[in-house]
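One chain, chain A, appears in both complexes that follow, with chain B as partner in the first and chain C in the second.
Moving on to the complex of A and B:
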């Protein structure tokens, strides 16, 4: 990579990040204004500065890193598990109307149930370890991946299918492997991106109950001991990690030719 | 030429009536005193059942309304939001509130109230045997968490030597009973509910872990919003006195108190009687939050990293002292009419 090329990439990244930086500054300014004008109890709303101090403190003693790592590990493992199950199933459902007719009623019955509603059952079935939390996130990430994959397969341009046949994909399997799967990838990546967001929301709820690590646990504990600064640190960490992961997926989407 | 006359009248007449109604409502409105409680054997339930709040309501033209919370953390959040004027909660949440919120501790109304439970056939003999075990607890904001840490520290153990499992207080005896966890620390009357089932037993009582008030652990405190305290010291005094009178009644007539509590909170009478007989919840006229007791308690919470080193709880022992004097002056045993 040449130096001007690298500079162009960095400049484009900086341009894309600028609106987010401005949004963050606006949030902090409004927050400080609210504190200055209303003088709330620090247990209700601490200043941005006090929250920043708590943030640095938790980074220094390693607690924030450990909690974030646990949350990310839970989300990533459940999300990967969802992808392993949902992408092949979605590809098959999108290609076979018969399979879609069989599976779809199950999907539509289970999909509206919030991952949070599964928490008590997850504790009963998987106990108090990691299994229950991963299961809750799995429920939250499975359906967005599945539905995006099905939609991706169904949206494959018939012109591409015909072109595939003309260029030698004589069997259904070859057409599926060489045309359908690559053509549906942008939609699959969208599903993976959306699912990561829902998984992130689900893990925070799962960690509010029956956990002793994770960002959800940090928030719950902060609430229990009236440390709004800890709650806000947890929220800020979630926002920051969510933003970073979303940026990663947007970059991935661009690689696969989808719009971000 | 009065084309606007009837139109104006149509607007102004209801406006005048509405203003009069509003002014009237403001003048005659009863002030509501929201009193935070938990469904446990709190003396305030006895005070309410015995009608000790009625004269206060009449004299000060207020309405005392009990607001119930499952545990101390949401109760404190309600106080932080300004929704409660007075509250009764476990000493942990109470001390957190008077350290972090604009609130002041005015009395101690229950001793003990915490114990570690194990299944009836558990081989564990003391908290020192908890190493490597799974222990259910009601969260870091409860007083049970620092007490568990203290119990472990007394044996040279730390939280990392056990597997903690956060659960709701009333669920903990059930988890212990079903052996989903090896042990559980919780509050009363959940402890007594578990003991009454015959399927769990005590591993340690709070007094064995941290005896800081006449051989007992301090279980529950009453705290008041500072603004309310400054505006209505007389009502605060009357409410504290009602609590102390109720404690005196409990000491005089435990059976009557058990019956009243059962009616108020729905816990079976035999469970409450068991709690009183076994000293799971202990009532005493030692209601004054003395600086010595509170200094020891604050250090305890700071050692557990629940309070920050800079946190200083606000305490006002004069209300409890005056209430105690009043109750002792006219001390009579009031038996519950059965």
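Moving on to the complex of A and C:
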């Protein structure tokens, strides 16, 4: 890669991130204004600066890293588990009207139950161990992946199926493997991205209620000991990580050509 | 490089073919036929017809996507029961696989045949050279213009060495100049790899330029209203007196048929 080329990519990245930087600055400024004008107790709303110091402190003593790692590990493992079940099931449901007719009622009845509503049952069944949290995130990530995969398969251009059949896909399996699966991949990636977002929200909620580790626990504990700065640090970390993961998935989506 | 011995096309026989569709009201609507037609090996047949006459339905039956309601369709004496790589196809909407590169698209049909990977690549590159796109072998489909996409689709269709080539308004979505260019390219490739071609179009000029034989279809239910053998050397000058005269005759019939379908209020089905 030549230097000017690289510089162009860097400046494009800078151009893309500039609005986000401005938004972050505005949030901090408004926050500071609220503190300056209303003089809240620091246990209710500390200054941005005090929060930043708490942030650095938690990074230094490693607690933030450990909690973030716990939350991320839980989401990733549950999300992967979801993908392993939901993608194949979605591919099959999208190709078989009969299977879709059988499975769809279950999906439509269970889907409106928020993953958060499953937390109490998860605690009753799994206690506050890892199983319960993985279960809650699994519930939260399963449906977005499944529905997006089904929609992807059903949206495959019939002309591509005809082309596949003309050009040597004589069995349904061959057509599925060589045309249906790759053609629906962009939609699967969209589902994975959306699911990661809902999973990230679900894990924090689960950790608020039933955990001794994780970013959700960090902010719940901060509330219990009246340390609003810890709560805000946790919230900032949740936001930042969520944003970074989404950026990663958007890049992935571009790779897999969402245009088709 | 060697590309198998030049093969000839195979004959197509369409025998009292009819296609009807069930309507929602429980009735039946006649879409096509009866059509009886013989296409000689390596003949280039162009079918022209007014919109909604069922010419695309005819091609879908020849491809094996649709079953006829009655009558028989034989490719080289064997009834058509489904799509076959021996009857390859060029679609109006290109129908390229966007997740594959240009050369991988051309290879797609070869992969199922008994070729090594290396042979696949060589055969595909050979066809890409014929359509002038070998330097785009690794490009992605999204980077190509409509004309380039259709050239890739033509390369893909010829790569599998079919004996019959079905072309469903392949140049219908292209601008007039690109269209002229691709007509010439198609003829050049066809002169080299003589296959039986059934080419659907609504452009009379295109039919005059390409066809050994021109068939004009009636309005729905489409049957063959008239046919002409075009004994003019290629490359043809469609502004010559002979072809101008033929054009007038074809338009006279088409206008009549269009008027009839207008009176019937037939929809816009191709």
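One rule holds for everything that comes next: the second predicted complex is superposed on the first by the 253 of 260 C-alpha atoms of A that agree within 3 Å, B and C clash if a C-alpha of one lies under 4 Å from a C-alpha of the other, contacts with A are read in each partner's own complex, and residues count from 1 in each chain.
In this text, a contact is a pair of C-beta atoms (placed from the backbone, for glycine too) under 8 Å apart; a residue touches a chain by one contact, two chains touch by 3 or more.
Everything quoted here is computed from the prediction, not taken from an experiment.
*Asks:* For A:255, select first, second, both or neither according to whether it touches chain B, chain C, the two together, or no partner.
*Replies:* neither
*Asks:* Answer with first, second, both or neither: which of chain B and chain C does A:212 touch in the superposed model?
*Replies:* After superposition on chain A, A:212 lies in contact with chain B alone.
*Asks:* Can A:221 be said to touch chain B (first), chain C (second), both, or neither?
*Replies:* The answer is first: A:221 touches chain B but not chain C.
*Asks:* Now for A:128: first (chain B), second (chain C), both, or neither, which partner does it touch?
*Replies:* first
*Asks:* After superposition on the shared chain, which partner residues are touched by A:169: those of chain B (first), chain C (second), both, or neither?
*Replies:* second
*Asks:* Pick one for A:17: touches chain B only (first), chain C only (second), both, or neither.
*Replies:* Neither partner.
*Asks:* Look at A:114 in the shared chain and tell me whether it touches chain B only, chain C only, both, or neither; answer first, second, both or neither.
*Replies:* It touches nothing on chain B or chain C.
*Asks:* For A:41, decide between first (touching chain B), second (touching chain C), both and neither.
*Replies:* first
*Asks:* Please name which positions on chain C make contact with chain A in the complex.
*Replies:* 63-65, 82-85, 87-89, 91, 93, 95-100, 108-109, 111-113, 140, 142, 156, 160
*Asks:* Note which residues of chain B are touching chain A in the complex, please.
*Replies:* 73, 76-77, 80-81, 96-97, 100-102, 134, 139-142, 163-167, 180-181, 306
*Asks:* Chain C touches which residues of chain A in the complex?
*Replies:* 157, 159-160, 162-163, 165-170, 174, 178-179, 182-183, 185, 256-257, 259-260
*Asks:* Report the residues of chain A in contact with chain B in the complex, numbered from low to high.
*Replies:* Residues in contact with chain B: 41-44, 127-128, 209-212, 220-221, 223-227.
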